[in-house]
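Okay, so chain A shows up in both of these, paired with chain B first and chain C after.
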Partner chain A sequence: MRAENYQQINHPPSHAFELNFGPNHPGIEGNYALQVQVEGDTVVQARADGGYLHRGFEKLMEQRLWIQNIALVPRICVPDPSPMEVCYSMAVEQIAGIEVPERAQWIRVMQLELSRIAAHLFTFGGHAATTGMYSPMFWGVADRDLILDLFEEFTGGRIYSIYNLPGGVRRELPEGFLQRVTDTLDYIESRLPDYDDLFFKNRVFIKRAKGVGVTEQAMALEYGVTGPNLRAAGLPFDVRRDDPYLVYEQLEFEVPTEEAGDAWARTLVRRSELIESIRIVRQVVAALPDIGGPLRTPIPNPLAWRVPAGESYARVESSKGELAYYVVSDGSEKPWRVHVRGPSSMHAVQVLEELVKGGRIEDVAQTMFSLDACPPEVDR
Partner chain B sequence: MNMDAFTPWLDALCGRIDGMVVACSDLAQRRSRIDLPSEELTTLLEAAKGEMGFVHLSAISCVDWIEEGEFELVYHLWSYEQNQLLSIHIRVARDLGRFQSVYDLYRPAGFFERDIHEMYGLYFEGAPDMEKFILTEWNGPPPMRKDFDSEAFVGETFDWQQYNPEWLQEIVAAGGGVVVPPTEQRFSQRKKVDGPDWSGDHPQAKRGQE
Partner chain C sequence: MSRVFDELTNFARARSLFILHYCTGCGAIELPPVMTSRFDMERLGVSPMVTPRQADILLVTGYVSIKTLKRVMLTYEQMGSPKYVIGICSCTVNGGMYWQSYATAKRLDEYMPVDLYIAGCMPRPEAVISGLRELMKKIEQGEANSWKEYYRNYDYYLGNQQHLFGDQWQTPVDVIGEAEHYGLVGDGTRGEHTALLEQVQHPLKPLEMRL
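For the complex of A and B:
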């Protein structure tokens, strides 16, 4: 925001003051801002201010070919980019009526779950840092890097894979790759007791996180909260299980829940999800050698591909919650409309404003990180 | 939960609401589409939320059908009880520029309606907050409308700069570089603007002719 456009929120009485969390603030996730009105240490009112990372993706996508958009979509969420490209591909496939080969579906599941593990590790690190514990942050980032190494090996990109395309995935897994996935997962699993000691069961952390930013189930449902944040309030809903896509129906995994709905419960749900994701990837690694066949269904010349007119609403479970793409085609070479429903557009705006209200200043950052808000999804 | 209740409910609803059409309903894929006259929206939403547990408003999407002079609003509802996604399609006149908010029924609408107002200029009456959120600094027309040409806007608003530093000239002189002249960009519909001069013996330009 430019200085001349700055407006005070209300007119605070003399004992209250305003605090700008962000856009440049260590306690804010990504490029985002919260204008917070405080009295003493208590937050009276908060107002989310987005747009710092608006890159106009939805408009850009209308001006590019179906296939070109694959390079755009992962950039909508930096910490967890893979669900974006898979979800977009799924939406286009639904319109065009393309059947994805089975092997590609399994590989996609592996990519999604690895991405989820990486995103959760990242969130643990960020959340720990907001409570003053910096070691888990370094650990989280370092262990996430091991997953990024895997991504680099099999997709070519550490963050933005651009590995999917409507019809399937781009290339075959490298030789010996599944063994390296197993090794990495074993390592991450072996690290969990250390994480427990340092972070999840750390008394300092529990004391800081318990009772902070409580979303009761009724409130979570009312505000459209999804994903781990909803499950932390006790509703076992997971798009992977309840609106299954790819081959999730054939996989065994639990949908972990907690009852409390506070920052502590949300973190525990993510920890359990991490374990479930490791379990899923192990099943994929075990199954993949026996699944042959092509990697993708051929599509017509992608540079002149006209997707038949139609619309589709594709949903996947990203690490932040329910991610959906509403894609409309008018039968031309470019999409007529792509609407990205980022899960954070719920819990990073209205929910966050509501949750920090009545809390303390030092819990504002923690609330945001415990919700796993991803501002680029809001801004698009 | 009675999973078989959904289809009879949908059929019964058609009789209760004038002009409601179930365009398609695929229970196995958990997707149903309803086309509806815009004035019946609230009636349907209340019925869906109250009778079938469609408590989750997944998204409101806006599509600009400029040739028909209409905005299409799509309300994506999810029922945790039925495990079904219901897409309600309505059309709103583009010129009118306003519609009723559903914030009273669905809180998430607050975000989506604010976003649509910002991007399409469609005002929602009864919404608690229609202030700018993402485009705080923007004073131009709503950018997601189809009649807003962002490339033309950039061409008119900003100057193209000559960017040809010495180090790049050296690389190009040695036959390198990966620059593609605008005339070679097959899918660019960019308007002709004053820019760098690409005519000349650029090695990259010759590549296609050989």
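For the complex of A and C:
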């Protein structure tokens, strides 16, 4: 260190200061930063500072073959990668006019819901850690690993599965796999009362999270909030139910809502969603043995596949909110334009800046985790 | 006598490592499993640390965009020697999936010396654990000396940083002064790039480190 870099700072006679929250901070969900103006303990203003994870995805995808992009898209959202590849495949199928076999659709639903369970368990852990409770974090990560084991068994990858193709899924489920899914779900369900005691009904958590970062319903709609964050404000909107894709029409599930719209309500909505996801996977497990047929519609030679000109918009409900792909093809081997509509870019920038304003500095991390924003998806 | 002392310190160092994991990219998602009960790196004496000055290992988890690389360089130079760098994921080796991206730095070892790479996209927790064990073995045998290379070849690393960040790039750390302090001034410590640094360098005012 050079001595001249250590000058005495003459602070202004005030208790207002500026704080860099991140990019390398335990209360931030990844490589992301907030510049917070603080007065005493109160946040006066916050400015999101993203771009640390920018890789230029939408440009990269224009330079690769249609089939190569399947390997690229899951990297956009690391904690919940499966909706990315399913949604991109759905968009390409719409342009090319490919029908997906029924069995592949059911397997996709199972993959999406397992991914949602894993992502929600991870978020519970993160939210608990930001309120000072580290045991639920250990539990959440450990239970999520059981789901990742299932992923490893049927897709081959723990995190990035690259299991979907335009036209269907890659391989058949291993023998006895459905039984192991049931066992894992039974175990996770049996853990929920423990989670309730330790986390959801814990007085520390309730006192810390209630009334923090409130999104009114009107404000949530104005800012484009989707997913569990919108449902926590009392609006029962779910793409799975209101604009059904795959086989969600044939499945029975509730769309849980809460009225409060604060950090506590958002996490409770996720807890109810976890139960609904377990219910959906159970229905898929019951239905799958009776559904035969091929796993995918054959596509032409993928290395020279010219998708016909056209454009499409496909949307799915990811664990973070509404996720959509807008894909334009000019009839060549590569996409002409791909746009990703990610939920987190709304949640982590405009909404977060608004919510932390007027709150206390120790609630900033909690607000971010309760919004379940995903920094790699913000920056792309 | 000094050799015995060195062996003893290496033995002790290898068994108490504090990781500063800068979550630069995707690889950060496999670190919670490594840290928590299933794979549990704490049984090896490895534990997370939040501040650079108290940490021993800098774990660069995944691709580094240029904006992040500035922070990684600042963090690296703040850490006290001996320090070790582990590059996780293929992206730190050669750019990985993002080899054609305009926003990422492709090879980490052009900007800082790396002790160990854990390749894979992304490496499993077992791979991270075995990489940590490998590093512990290297430390015990006195082979993990990449931090000395940074002082000996500072001109090369600084040149690459200037190429990426512009000629005005400077950090608050006086690396050449530290190299003199450790007695590690080599042929590559000073050169044209450090001469340029001395030209453009100015004392940083407080709160001026806005990147």
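The rule is short, and it goes like this: the second predicted complex is superposed on the first by the 366 of 380 C-alpha atoms of A that agree within 3 Å, B and C clash if a C-alpha of one lies under 4 Å from a C-alpha of the other, contacts with A are read in each partner's own complex, and residues count from 1 in each chain.
Here, a contact is a pair of C-beta atoms (placed from the backbone, for glycine too) under 8 Å apart; a residue touches a chain by one contact, two chains touch by 3 or more.
Quick caveat, the model's predicted, so the values are computed rather than measured.
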On chain A, do chain B and chain C fit together or clash when superposed? fit
Touch test for A:Asn31: chain B only (first), chain C only (second), both, or neither? second
From chain A, separation angle of chain B and chain C (C-alpha centres, steps of 10 degrees): 80
Of the two partner chains, chain B (first) and chain C (second), which one does A:Asp41 touch, if any: first, second, both, or neither? neither
Looking at A:Ala324 after the superposition, I want to know if it touches chain B, chain C, both of them or none. Which is it: first, second, both, neither? first
Between chain B (first) and chain C (second), which does A:Leu235 come into contact with in this model arrangement: first, second, both, or neither? first
In the overlaid three-chain picture, which partner chain does A:Asp194 touch, first (chain B) or second (chain C), both, or neither? neither
So, A:Arg337: does it touch chain B (first), chain C (second), both, or neither? first
Does chain B (first) or chain C (second) touch A:Gly224, or do both, or does neither? first
I'd like to know which partner A:Pro79 touches here: chain B for first, chain C for second, both or neither. second
According to the stated criteria, A:Gly51 is in contact with first (chain B), second (chain C), both, or neither; which is it? both
In whole Å, what is the nearest CA distance you get between chain B and chain C after the fit? 6
So the chain A residues that chain B and chain C both touch are 1-2, 5, 51, 54, 56, 59, 63
The answer for chain C against chain A in the complex is residues 20, 22-26, 28-30, 32-33, 36-38, 50, 63, 65, 67-68, 71, 75, 97-98, 100-104, 121-122, 124, 172-174, 177, 203-207
Can you list the chain B residues touching chain A in their complex? 30-31, 55-59, 61-64, 74, 76, 78, 80, 83, 85, 87, 106-108, 110-112, 115, 119, 133-137, 143-144, 150-151, 186-187
Contact set on chain A toward chain B in their complex: 1-2, 5, 48-51, 54, 56, 58-59, 63-65, 68, 221-224, 226, 235, 237, 242-243, 303, 311, 313, 315, 322, 324, 326, 328, 336-337, 339, 341, 345-346, 349-350, 378-379
The chain A residues in contact with chain C across the complex are 1-2, 4-5, 7, 9, 23-24, 26, 30-31, 51-56, 59-60, 63, 71-72, 75, 78-79, 122, 125, 137-138, 141-142, 145, 148, 158-160, 376
